[in-house]
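Both complexes shown next keep chain A, but they swap its partner, so chain B is in the first and chain C is in the second.
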Partner chain A sequence: MNVLKLLSAFLKVNIQMSLAYRADTVVNILLNLMWLGWELLSLGIIFSNTDTIGGWGFGELIALLGVFRLVHTLMIALIWPNTEKFNQSIRDGSMDYTLLQPVNSMFLVTFSRITVWRAWDLILAAILIVIGVNMAGDTTTLLSVLTFILLTVSGTIVIYSLWIVLIALTFWFTKFDNNVTILQALLDAGRYPVTVYPVWLRILVTFIIPIAVATTVPLQALRGDLNLSRVLMFLVIGLASFLVASQVWKRGLKQYSGASS
Partner chain B sequence: MSAETILVEKLSKTYKVPEREGGFGAAVRSFFKRKYNEVKAVQEVNFRLTQGEIVGFLGPNGAGKTTTLKMLSGLLHPTGGKAHVLGFTPWELKPDYLRSMTLVMGQRNRLAWDIPAADSFLLNQAIYRIPEDEYKKTYKELDELLELGPLMKKPVRNLSLGERMKCEIAAGLLHRPRVLFLDEPTIGLDITGQAHIREFLREYNRRTGATILLTSHYMADVTALCERIIIIHHGQLKYDGGINELSRKIAPFKLIGVILAESNSHDLSKYGTLVRNEEDWEKQYIQVKAEDVTRVTSGLLADLPIHDITITDPPIEDVIEQAFNQ
Partner chain C sequence: MFKIFRRLWQVNWAEQWQYRANLIMYLLYWLVSPIIYLAVWTSIAQSKGSVNGLTPNDFVTYYMTLLVVDQITSNIVIHTFAYKVQDGSLSGELVRPIHPMLTNALVNNIAFKALTIMGFIPVWIVLFFLYKPDFSSVTFSGILLALPATMMGFLVGFLLSAAITSLAFWTTRVYSIHEFYFALMLLFSGQFVPLTLMPKLIQDIAQYLPFQLLIYYPIQLILGKLSSTQIVQGYVTGITWLVIAILVFNWVWRNGVKRYSAVGA
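Showing the complex of A and B:
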């Protein structure tokens, strides 16, 4: 209950902040639309030359673009702005205030900045997924849709955990401003189905740096490509990565309180 | 449980600081192999504060004041010793502890830059879980003391430094903390701004009985607010006691100010040490030991054509500076 109250308080503050910069918000929405148009266009160009990429058709790739944009929204709406704030608060010392608030610091660091208008991106992504799946003509069942949603959530948690680990490293290195650039670069690899990549790269982006977990994998579940044990494995990966991330965060805080002056 | 609000025993903090010589070669070498230097920021410091006290925590830059405040607020783990504040061990960061204290640092911002402070206040209300009626009551009180009204609606970035500091302090007090750690709360403010904050702190302390530990480089803050001061230097406790006793202990001197009726050509240095005073050129000041005051004064009056004579305590700034240097 209290978590929801806090979230809504954060949302309110952030809505107020984005309203303070009206022009910025409008320009961003327009840019975003253009970007989507460009992505669809480039997919169209690719598929005017071929029917499948790595065994995936045009419709499926549109659906993948939708899932990709879900994760991308997480990046843009939460991860980027909060990283910026985090890095700045380490530099100017206002991190001290964050740590002295009677709320879990990981929660504060995650939600204190929210690019609110990005919410409509989620709707856009959902539309892309529905259209893509329909075009592909894959048969979906209630179960596969549910698995899809579950795996999307767990995949998102994996990406989120990765982020937490990356910014927590700042506690050790003091200066690590490129923390999220790395994540973004990796994430961009998730724009295409991992099956297009050579095996070693596929393994890398699925297990070592699990980007595909948040993009390709949920769609595979929707297509019915995954068996139950696979699904369970990916859910466990989601949970485990969250646990690891919060441990790393805790260690980072300890490091911070031991070394900073 | 102890009656003390703040109890500090043998508190110590040693930092490891990377160190290298100047120059390019040294920079490259240190990239591969860091040399560390140990800096003893705080060394076995002891003190106690009882509820409702306002204590000035003084020392030159780098003396260990901020490090101590950070340990007491819970941000830093000490390397040795212990501290209890309101019965809590600060660095365990228990939510109940965090809800009953505040740390205000004059050089840091907690308020969001782009929105009015009022909105950040509401966020704090949610974070500290302050019930609506209690929040309103506290806000009204702070508003009355700090005259926040006109400041609340402007984005924080449009406030002057003094206005912003008022808001920062108010933001730190919304949850009615019982212990206040203030690290240079008046830094950078003009004289009136400083006076405002000072008056506010005194009144707040009177009304709520909050315990306040405060650092400041402005002695006016200290003399106006604190009856007791703690001085540290090089991480070690140098003095803990009444601000008035300090002069007696460290500088048992008096200043005799003299205006001569005729010329200023008389040599006064044989009566005591001559001291310059920038604010008062007309008068010449002689510093003498407290027990010699009567003798020197009567000597002066007998020997010289005195137009005016005063006997005063040396300014507390000078005394404290002397204490630093001891």
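Showing the complex of A and C:
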């Protein structure tokens, strides 16, 4: 079965579902704009009192906000709705039907719900990144932009993989339905460059719940803070975390025994 | 009446205790933002010596006091009550001879707080040793003055949240309305940064709004940063808002219950 074909089918279903709640979508977009306003204002307040934070300027923080919003969108548009459905399916046993489908179960579980209107957030994020980078006036080369994109993708994969591991834990501990709260809780740390945090917090959000790998790190590449070996290291981490996650998923599936048995 | 409250306490405490794992997650969720702001602002203050007259220690003491004050004045009514209106489970509570919001929901909130405080104290102590704040500006009389102010902040916040939650009688989008309220709170309460660092316009508006009663005013009282006129002004604003909050809540509640027709009825 073609993955792209499936994905477009999922998108179609999800668009139809969201069309049933048009007014809610409008309200949500307004709230989303309100939060964007607050985020820009809070950066404005910070920079009315200082020129740099952790060595980063205003433009760079705008760009970071854009990258942060990418991860945030991943969280809201994909991770939350699918986790909710997954937890439900573990409780009531409907996971059985998912497993019966002739498609990779990890793919089915993680992509069947998509909050479609959040695509708008991705556009906003891209605009923020472009404006921020221009304001920062860093010398961007084709190579640094390319590594930035690569590291953003691989950072997103790291978060995606961590999510897989967290929900796979539910196979072992059925009552663990708070599985993604820790990810959501620490997400906010991605708004600022990790260089301003004290060591313990930096270690926490870089290695244990690696939010920073998807937010600070790509921008460091754009700023030219990373040498080649570092870039390669982060790319390898992205790939490795995905492989580990799919192994954990497979093992978890073996633990699954259905809700009724 | 005392007997009713004691019984409600037992029920709600047992209910909250059942969800202690959730509580730890909630605690984590709620601790992260202030700790991030603390880190950001102390880092700025350290690199410049001081920000607008505030030293790194001022920021550490501000946010560490904020953690305590916010723990006391915040509430979770929207999460524990709005769904009851939507799924009809409020009906059972309405036929009882006690007010569902001012007894059950209130006690439920307090039980929730009592439990989170148990998890919160060790975290606060760890932060204390990490940052070693200098709390020498805190005086006994300051704390005595802050106690009623904090209670007042909690009551104002609880009643306003209860009024917003009661909008669930009219609309299913009550969560969106609450999100907007939450944003106003961030803007005007001093949660993000001590209000003196906010733009002048926001500061001017903030002093007339109820939001700073929950965060900024009790913190400044505890840290002994207010002159006696400011203290009096704060209490006057607080009592005024308490009266307004009581009236608003009562009005919304009365009319809401009249509109209520339970699901399935």
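Note that the second predicted complex is superposed on the first by the 255 of 261 C-alpha atoms of A that agree within 3 Å, B and C clash if a C-alpha of one lies under 4 Å from a C-alpha of the other, contacts with A are read in each partner's own complex, and residues count from 1 in each chain.
The working rule: contacts are C-beta pairs under 8 Å (C-beta built on N, C-alpha and C of every residue); 3 or more make two chains touch, one makes a residue touch a chain.
Because the structure is a prediction, the values reported are computed rather than measured.
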Does the superposition put A:21 against chain B (first), chain C (second), both, or neither? first
First (chain B), second (chain C), both or neither: which does A:12 touch? first
First (chain B), second (chain C), both or neither touched by A:229: neither
After the superposition on A, what does A:102 contact: first (chain B), second (chain C), both or neither? first
May I ask you to decide whether A:94 touches chain B, chain C, both, or neither, giving the answer as first, second, both or neither? first
Which partner does A:257 reach: the first (chain B), the second (chain C), both, or neither? first
Would you mind listing the overlap between the chain B footprint and the chain C footprint on chain A? none
Of all residues in chain A, those that touch chain B in their complex: 2, 5-6, 8-10, 12-13, 16-17, 20-21, 92-94, 96-97, 99-103, 108, 254, 257-261
Residues of chain A defined as touching chain C within the complex: 24, 27-28, 31, 34-35, 38, 41-42, 45-46, 48-50, 52-54, 178, 181-182, 184-186, 188-189, 191-192, 196-198, 200-201
For the complex, give me every residue of chain C touching chain A. 21-22, 25-26, 28-29, 32-33, 35-36, 39-40, 43-44, 47-48, 51-52, 130, 173, 176, 179-180, 183, 186-187, 192-193, 197-199
For chain B, which residues are in contact with chain A within the complex? 15-16, 41, 66-67, 70, 73-77, 91, 93, 95-96, 98-99, 103, 105, 107-110, 112, 114-115, 119-120, 122-123, 125-129, 155
